[in-house]
Each structure stands twice: as structure tokens, then as C-alpha cells.
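Only one structure is covered here, and it is reproduced in the block below.
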Amino acid sequence: MTVTVKTFDRLADAASAISTERGAHFLSGGTLLMRAVNEADPAIKTIVRSTDPAFRHIAVSSARVELGAGATMAAILAERELALLHQVARAVGGPAVREAATVGGNLFAPSPYGDFAAALLALDATVTLAGGYGERELQLEELLGRRDRGATLVSKVTFRRPPGDAFRFAKVTRVHPKGLSVLSIAALLPLASVRITGARIAYGAMGRTPLRAKAAERALEGRSLDAAGIAPALAVAADGTSPSDDAIASAWWRREILPIHLRRLLLGADQV
Amino acid sequence: MLEMRKDIFADERDDDLREVGRPTQRQDILGHVTGTSAYYDDHHFANLLHLKVLRSPHPHARIRSIDDAAAARAPGVKRIIRGADVPVNLNTLLSLIQFGKDDEPSLATETVRYRGEPILAVVATSERAARQALELVRISYDPLPAVFDVEDALKPGAVSVNPVYPKNTFDYHRKYDHQKLRFGDVEAAFAKADMVFEERYQMSPIEHAPTETNGSIAVPDTNGRFTVYTSTQALFFSLDTSAKINAMPSNQLHFIGGTVGGGFGGKVDTLTEPLAILAARLTGAPVRYRLSRHEEMQFGSPRGAERIYIKDGVMRDGRIVARKVRAYFDSGAYTRLSSYAVVKCVAHIPGPYTIPNVHGDVYCVFTNRTPATAMRGFGVTALDFALECQMDKDAVAIGMDPLEFRVLNAYRDGDMKAHRRVAKNCALIECAQVAAERAHWPLRDEFRRMSSRKGGGEARAEAVADRTLKPAPPGAPRTPASSSQRAAYERPPADAKSPASPARDMPSPAAPPPSGSTHGVRRFSSIFGTRRR
Amino acid sequence: MKTPIQLRLNGEDVATFADGGANLLDVLRYSVGDLTVKGGCWQGTCGTCTVLVDGAPRLACVTLAESCSGNSVETVAGLRRGADLHPLQTAFMEHFAAQCGYCTPGMLMAAKALLDRNPNPTREDVVDAICGNICRCTGYEPIIAAILDAARKDARRSA
Amino acid sequence: MARHRGRGVATINYPIGMNLGGDPSQALVHSNPTGKFTVSLSSIDLGQGMKSVTRQICAETLGVPIEDVYVDTADSDTGPHCMGSFASRGTHRVGNAVMAAAREARGVMMEAAAEELEVDPGDLETDGRGSIHVKGAPHRAISVRDVAIAAQFRQGKTISGRGIFLVPLSEVDPETGEMSPATCYAHACQIVDVEVDDETGDVTVLKMTSAYELGRAINPKLVEQQLVGGSWMGMSHALYETPEPYYPDAREGPRDFNEYLMPGPGDICPHDIIVLERPAADGPFGAKGPGEMCANPSLPAIANAIFNAVGVRIDELPITPERVLRALRARGRSVAPSRAR
């Protein structure tokens, strides 16, 4: 009748446990799982956790960033080399939630949660899955597409460090400074001289999972970051999205304001 | 931040006081900042049992069968309580003061009338065990059609929500389905008014959202009494309600509370005490029943939504000569306190203004949603929203400054109010003057000189009535008498980059009226378009 | 099955047993008996149960209690400095920053987490520090003012 | 993009107390043998300050220092009946009951003092610092403590008092609605400045300026607590809150504080408050009650400010940015770009 808690030194053993035991769930930050445990969710029979230090490890080089899936938002905020992600990490809950919420947990948080995952999607992150028989890698986008299908344990997330200020992020909330997403937008905007090449744009809360704005990305290709340059992208900004009505906002409003916030993000505060 | 204007009404006050008027520290503050203030759940008992209720997933359904056998055998379960176990399973809160008929069961037996209505309770050794046992209860329902809109609920043939009030309205005086207010002759006044406006307003339901949810602990005491630690906002109200439902003499109950984590009206309904006491009687053990946050948000009673129609007759010189209000309180499936909200609403019509012709019809309507209850501003908040938006529209339409329009119509000492009591101790005008001065909202001299203490009573009533009956001359100029507040959308927007102090940035409301542009101004009813002349 | 849990609670070692999966809030309140920690939602959404675990603010209701075994936990019960109130407590009193008082312990701990790391916060820092804590009574302004004032006074004292 | 500023106003009044069953409250006041007083109530302190306000009223009436009074609330075995803490009735109804009880207790205290000083009770007055003396002769004094000891151990008097406050019962006329709904009213005027984003519909409240008339501010700091917190709640009602976001369609109801929207600490604005006091004839020291009325003007004042800013009327609450945006669209166009310089 109570929940069993199993703690493993090695993440791989934890991964085995959740893939073999029915009702076993991995505890990362706890903000979602512990709530379900408190509500006596009958699907949760066992809590699996790991004390593996690698799970929380953060490694930043000039070219790559590697985030252990157990790294918390607070840990990211404490890492000076990760300044590009600070705005994103700060957008996740209040300080107490940031101390608990992890990179890995955010990848599985249902919409409208999951703003950090949207940022990682724009950064073209790769996830590493832990398993009893070794690790394997997967594009984040692929993971998001199948995240609800069964026991998956992410051990780390890696991405190439973007140049200079090519990464931008905006989260739109009703409540400030902390609130659930109306939507979030993350954009990687590499510039070749003044032209965008290979933009990646991802949205949070615009579908069941964070998703790419592929039409807008294509429309930005070779364009400059000014009103005329981004106009075609704005016109297709909402293509492929499927936002929901929820307690925060309606699908209609999300779709209506998406291009406006995309414009503001792309042009920067002083040009809008 | 707060300034006391002792100079105003000084002649009516004796300020020679020692303790009253001083910013003395709260008696309870040390407890609050040390975390030692004792709320109901800060009392601990060995072998405490926990009560959780099973709630209906349907807004309206007949209960065909309940199978709780597996739940009764579940680990930790001490007792299952069904409607038949409740000694008096029908109550209405205001029955203690003989207002309304018993219409709400503690646990539904044959029919559920809102999503979230309690059907049975599990008492177990932990909240977790109780929740797990609830998962094992099997209930089969025949879903029934439901009604969610107050006006739909009043249509002929509408689904009947509450069998005690089959027509979906509370009974007033055993003869009407609403409470009336009649003062003067609104129809005659509308016929003579320069302009008539009718508008529709919709208040949302609102959750009280106190940081502490509703809850109580009932403890069997020595000598057959029960001590009840409770979050109630109304100790004897809850005690007497609990005694009635449990068919117990009230002196068998000892209620302790008094320190509560916020209420705002949401802790009057005695949602948890009766069942906690019943469970303690049936098990002989202390029992806690507290609402989860999810329950508090969706199934604890909210402030009810209200739909309000207001029709005003206004003269070009700025006087309101008639006001007609029709309002519908969404009571949800049961009465609780909404019946009284209607009375309070009727008494509040037409707002703090002297209007010679007033007509009100206010309904308490049953729908298939969580029963509503009192909340801060009960019966008045929504009406004030509607009235004050309407006042603004009236003022804009006749081209008058909205604040001057209010001051002109504000009630004064001696005026007869619509509920037929003479106004006294008024201070609306002074509030308007003081706020306007602070906010640099320019009131013209004649409005700055007005007073709640001058010009009210017979003279004003006669003047108002007299002029009411005098129709405006045909073809009277439509030029606004004054329009000192210029709409901001007629101006360039503020510079978004420099959020300067709003006070300094506020464009002078004294700017000349927009030349001929009435863009955005609603001139007549959005509903019936009843602008006359 | 009960799980043994040892904490260093407000500087004292305490030990208790908890049900599997028990959250830190329930363990502190109902096993250890520290009733100064209040619970508002058990969902991790209101901040009422904020405590410090190894100096960092945590929502006790969504923290697995046994994951804190061996850690230091601070609650408002340990906030006083000896017989004296903590400057934050004094400031909350002076600014009338509590009404019903139910969110106050969590607010104080959220504020302490801030001031322990950042003794000279800006208003924006304070707003961020308490943004996970719901207050339904005060409108937040007196709480913000109290925290800023406590920081100022503490800075003056240690200067 | 254009952000537009606007200003709106509302003026309101608010009835104090309920018009049901006479709306009674009772209080008991008694002294212990050393002259410290306890007020016994069954009234509730929800945070509004019931304990503190009645304590001040009791101390003032007795003529003793505030420290010598303690208010005990909400025990049904010791506290006499009270309808409850709602309807802005606490300060007025319970305050009056406490005042009546304190007056009775004071009468006994003065009699006991008179007996000790061998003077007429009518010749005595309290100094508010714990002493009772002959009017005009401060040296002929006795402490409240000594009076209490004398009353208890020598004179056999109980320094105690009972109080009840009940308004005359008022029926409501079925045909006309004639009634006496309240004996006094509080008043307010609020002016709100907002900024509206005409592309998204977002509304930011920039500033509130308010005047409230409350009869008597028994404790200005507690009044300020109500007014500041109450206008936050009013702003919240105006722009954010509902457990049924698609009302009357019953779906997507919020389950927690992430989903139930209320303004956060980053959404609040400066608020200039002015308090007026026009004493109510039947209020304790003229007091009415600030608890409920303070939230009410914010809802329409914000709605009116939005109209003033962008020219649309939102007559449905809450005024979500979606509703603002839909109204702007329905008007056919956003605010004329030519004006949006």
C-alpha cells in the first residue's frame, strides 16, 4: 500500500529497474512524480532513484555542452559558462522549484510545462538514454515524439555550443515573474555575415510536446533579421502547431500571439 | 503609502482617543513570524484517521448502483460512510435562520447534480490508504442531461437541477422566483430620457484560494462529547450545522478554531465538519477531513458567476433618471448562500447614486455546477463591476467626464434610496474629490465644491423628479456638455522603451475634447439598440 | 515498510521513520513534529512548505523525505538567533507583512535563502525569490518591503 | 506594436454586515485578579485582524493599556455566539459587542475603585496607563491591579461584562424590495492607470490611486493591510481569476496554483491610498469595515481604464488578454497605426 523506494548507485541499474518493473517510475527532481505519489496515483508502485554523480554532471567546453539529466535548473544557473541557458533555467518555476527541477525531468513534463526542453530542441540537442545494456543516443526531437511510450531514462543531454548571441529565448506567461507558459519560443539564429543560415526555432506549449517551427525556419533561410526579412517567417509561424485550450490560455490566443512574440524575439526589444 | 485625511469630517469625530486609531502591532504577529500560530491541523492525535470522499465524475446523473465491497476490505480502511449513514442527510446552510428549504445532502444517494458532488466517504489509517480505497469503489451511473447557463436554466422545458426547487430558481416569499425592487416608474422615465442604454455583463466564478484549504479534525472527547478543530470562518454556524446533520445536541460539540489560513468567504459552508464528526462517532477515533488543493479549486464552493443586465435612462445634463437591473446568480446545484446574495444585490441597486426610478429583478438560479457561496464583496462585487462600467459608458455617451458624472449623481445625506431608506453618513463625493486631487484628475470647481452633506433630501428629490418629467427639447444639441477626459486611444501611445512614472506620463485629462471624433464610443445598447431620440 | 530517516533539523540531529514515498513536509510535520512548516497544496505549486535543504530552498511537499537523509534541513522553527528574532522576522512584523500568517513560514524561508546568498538584493531579486510562494492576503508589497528592509538593516549591522 | 495608456475610475459603497436574523455577535470581557483583561469571543481571525481590532476597542473602552488586554477567539465552550467572520461585519458587529462588554466591565471596575478610594464612581476616570484617579486630582489614584485585587478578594465583585450587538430585524418586502439592508456604508473611489498592448491584448496595471471612507480606522496599519491586499485581489478578479476559464462551458478548470491565475509579485503596482473617516452613528468609535469593499472598485476601474486606453469595452470577467484582443479585432482593426507614432 505504500510506495517502495529503490536507490541505485549506478544509473544503468536504475534504468534496468524501471524497464523491468511494472509501476516503477524514475524520480528526478520530483516536482511531477512526488505530486503524483502524494495523490496516491495507483500507477506508481515503486520510486527508482539514483545517486550516480555522473547523472548530475555538467561539462562545458568551447564547442560542446553536456548536461547530466539530473542537473538542476539551479545548477545551470550556478554555472557561469552556461549563461546562454540562464534565462531559460530561470523561467522554470520559482527558486525552490529550480533547486529540484532537472534537465531530464523537463523533457518529459507535459505541456504547458517543458520550456527548457523547447530550448534544447532549438539547440539541436542529442539525448543519451541509459539502459541496462549500455547507453544509446537519440535526437531530442525523436525522443519527444515517443516520450509517452514507456520507460525511458535519459542520462544526459548534449549540444553544440552556439556562436555568440545566436541563441534567443522568450517565455510568455500571464503571471510574473513566474508562471506557466502561454507559449515559449527558443531560436537558434546563426548568421553568415547578415544572413541567417540554418535557423532552428522551437516552441513550448504550442502542441502536445515542444515542437519545431519548421516552416518558419525555412522561411528565414538566407534572410536578414529585419522587419522585411522575417515577414515570411512570421506568416507561417503557427504552421504545424497544435496548441490546446487550457486554464492558462486558449488555443486561439496562443496562435494569434505567436507571430507577434516571434517577431519581438527575432527583432529584439529595441526594434519592435 | 497610506495617508489619513483627518481634516475631512473632523467635526463629526472625537479624535481624543488613546488606543483607537493607533497603528498597534497585531496581537497574533509573533505567532505568525515564528510559525507557532496554531491552525486547525496543528493539533496532533495518536491514531488519527483520514477521510476522503468519492466525487461524482458527472455533472448530472442517476446513481444506479454502488459497489464498495472491495474498498471496505482494502488495507487501512476502517469505515465506509454512505448517504444512508448520515443522520440528517439534507440541509441548507441558512436553515438556522429560517431562510430557504433543506436541499443539499451531505452524501448524494440517488442523483448527483454537479461534477464533484460527494457520494461516499472512506475513513482509513492514512490519506493514502483512503485514496487508494476510493479507486476500488465501483459506481454505475445513468448520465442525465445537464444545464450550465443561467438563462438556459430558466427556459421552459429546461433540465430540472434541484428537486427542492424544480423550476431552477429559489423561492422568495413563497410566491416569486426572484426578489423584486420597485421604486418610481422606470418605464415612464425611459420614455422621457434623452438616451437609454442597455448592456450585458458577466462575472466569472472565482475561487477563494486561501493558502490553507478547508479542513477539520473531529476528536472523541471524554463524556461523549466531540472536540472539533476547524478552519471555519463562522464557529457557531458550523457547530450548529454539524449538530443538525448529525442529529446531536449542540452542547455535545466543542468547536475550536479562530486562527485560520485565509477564508475570503470560502470557509463558511461547513464542508468538512459534519462528516468528520460522523466518522469520529462511527469509528471512535479522531478523524481529519481536509480538502486537497485540487478539491478546493474545483469542488469547494466558489464565488458564483453572475449575469447582469442594466438599462439606464440618462439626460443630457448628466442626470440618471432611471435604472433597471436584471441579474442572475449562478448558484450551482444547491442553495448554500446564494439566496442571500440576491437580497444583498437587490439592496445594492442602483449603486451609490440617487436615481428617482429604479427597478430590479434578481434571480438565484440552479445549474449543474459546484454550488456557489459567499466571497469577499458577496452579492455586490459583480454588481459594482456592472454598475461602474455602465456609469462609464453613460458618461462617455453623453460626453461628460466620468468622475464628474458620478459626483453629480452621487447619493447625499437625506436622499431617498431605492430600498426606501433615507441615505445618511454618505461620503462618496468626498472619496471622489480626494482621489481625483491625488491622481491629478481635474474636477471642475462646481464638482470640487459639492458635498455629501449638502443638497440632498427633499429638494434634490423634487428637482430630480421635476426634471425627469421634462423631456429634452427636440433637436437639442448633441454637443457634450463637458468632456474633460480624453480617451487615451486618441493619443499617441506611450513610449514602450521608457517606463516612466505613470503619474507624470499620464496625459492631462483636461485636454480639449476630441474634435468630433466619437470613435470607439458606444452610443447605444449592444443588445437591443434602444437608443431613443 | 517504514524507512528510517535522519536529518539535521535546525542544527539538531533528529531521527524518525517514514512510509515509503513519504514527502519531507509530512515527515517534518507528522513524524518529527515540527508544526512550523505549513502545507498548502501537496502539489509543489504554492511554496507554503518552503524549507532549506543544505541551504537551498526546497518545496518540502514534493521532496522525497528519504532523499534528505543525512542533510541539513532548516525551518522557521530554527530561524531565531538565540532568544532574538531573525532580522527577517522583525522586518515582517514591522512591515505588517503577515495577515492570516499561513504563507509566512514559507515566505520567511524563501527570503532567508535569498539573503544567505545575496545580502544586498535588488527589488527584482526579492520578487524572484518569493515568486514561487503564494500569498492571498497581502498583495505581496509589504512582504517585498520587509525583505528589502531586513537586508538593509542586516547589512548595516554587519558593516 | 503599440502600447496604450489609459485611466479609469470607479466609485462604490458597501454595506456593513448582513441583513439576516439580526446578525448578532456577543462578547465577554473579564479581569483576572491582577487587573489584566481577557476578551472571550467565538469570532474568527482569518488574517483580517479580528483579535487586534477588538483588543484596541476593548482597551480604549476600559481605559487600560493595550498590553493589559488579550483577545481569545474561537472556542465554542468559552466564547459566546457570533455569526461569523464575513460580510465586513467583524469590526462593526463584534467591535460593538466587545465595546458593550467592556463598558459593563469598566462600570464594575470604577465602582470597585470608588469603594477603595471612598469617592463616587462618577468622579473617577482612567488614565489609560493602568491607573484610575479622581478627576482633576491625579494623586488620588489607585492602580487597576489594586482595584482588581480588591474586587476579587475584599469586595466580592466580578470585574466583567457581557455584550451583544443586534441590528433590528428587517423583513424584505416581496413587492418593492423595501428593507433595511445595513445601518452604515463604507465608500471608495479608485483611479487606475493601465497600459494595453494592442497586438497581444496584454494589460499591465501601472498605478492605483484610491480614497476609502471607513468611518474610523481603528488601526490604520490593519486598514492598510486590507486595502493593499484587497486591491490586489480586485486586480486579480479583474484580469486573472476563474476556476472555470471557459464558463459557462465547464472545462479546463485549474487544479493548482500554477493553473489558477493570480497576479504574481512581479505584477503589482504602486498604490496611493487616502483614508477618510466619517464616523457611523452605530459603529464602535464610528468604525465601519474595510474588508470587502476594497476589492470592488478595482474591477470596473480597470475595465474602464482599458476602454480609455484602446477604446474597447470588455463586459465579461476576467478581462483576459484574449478577450481584449478579440474585442480589438471585432472593432475591425487595431488602433490606427497612424496614431501609433
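Per-chain numbering from 1; labels A, B, C and D assigned in written order.
The definition used in the following text is that a residue touches a chain if its C-beta (ideal position, glycine included) is under 8 Å from a C-beta of that chain, and two chains touch if they have at least 3 such contacts.
What you see is a predicted model, and the numbers here were worked out from it, not measured in a lab.
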Pair sharing more residue contacts (C-beta pairs) when B-C is set against A-B: B-C
Per-chain Cα centre nearest the global Cα centre, belonging to chain: B
Inter-chain centre distance, subunit B versus subunit C - centres from mean C-alpha coordinates, in Å: 34
Rounded Å distance between subunit A and subunit B, as computed from the means of their C-alpha atoms: 41
Chain centre separation (subunit A, subunit C; CA means) in Å: 29
Geometric centre distance via CA averages, subunit D-subunit B, whole Å: 16
Contacts with 2+ other chains: residues of subunit B: 25-26, 28, 128, 209-210, 259-264, 292-294
Contacts with two or more other chains, residues of subunit A listed in rising order: 2, 39, 176-178
Contacts with two or more other chains, residues of subunit C listed in rising order: 19, 40-43, 45-46, 96, 98-102, 127, 130-131, 134, 136-137
Pairwise touch network: line, ring, star, complete, or other: complete
Residues of subunit A defined as touching subunit B within the complex: 1-2, 39-40, 42, 269-270
Subunit A to subunit D touching residues, read off their complex: 174-180, 245-250, 252-253, 256-257, 260-261, 264, 272
Of subunit C, residues touching subunit A in the complex: 1, 3, 19-21, 23, 42-44, 47, 50, 53, 56-59, 61-64, 66-67, 110, 113-114, 127-133
Parts of subunit D lying in touch with subunit A, wherever the complex brings them together: 1, 199-201, 240, 245-246, 251-255, 258-267, 320-322, 325
Subunit B to subunit A touching residues, read off their complex: 75-76, 127-129, 131-132, 135, 292, 294, 497
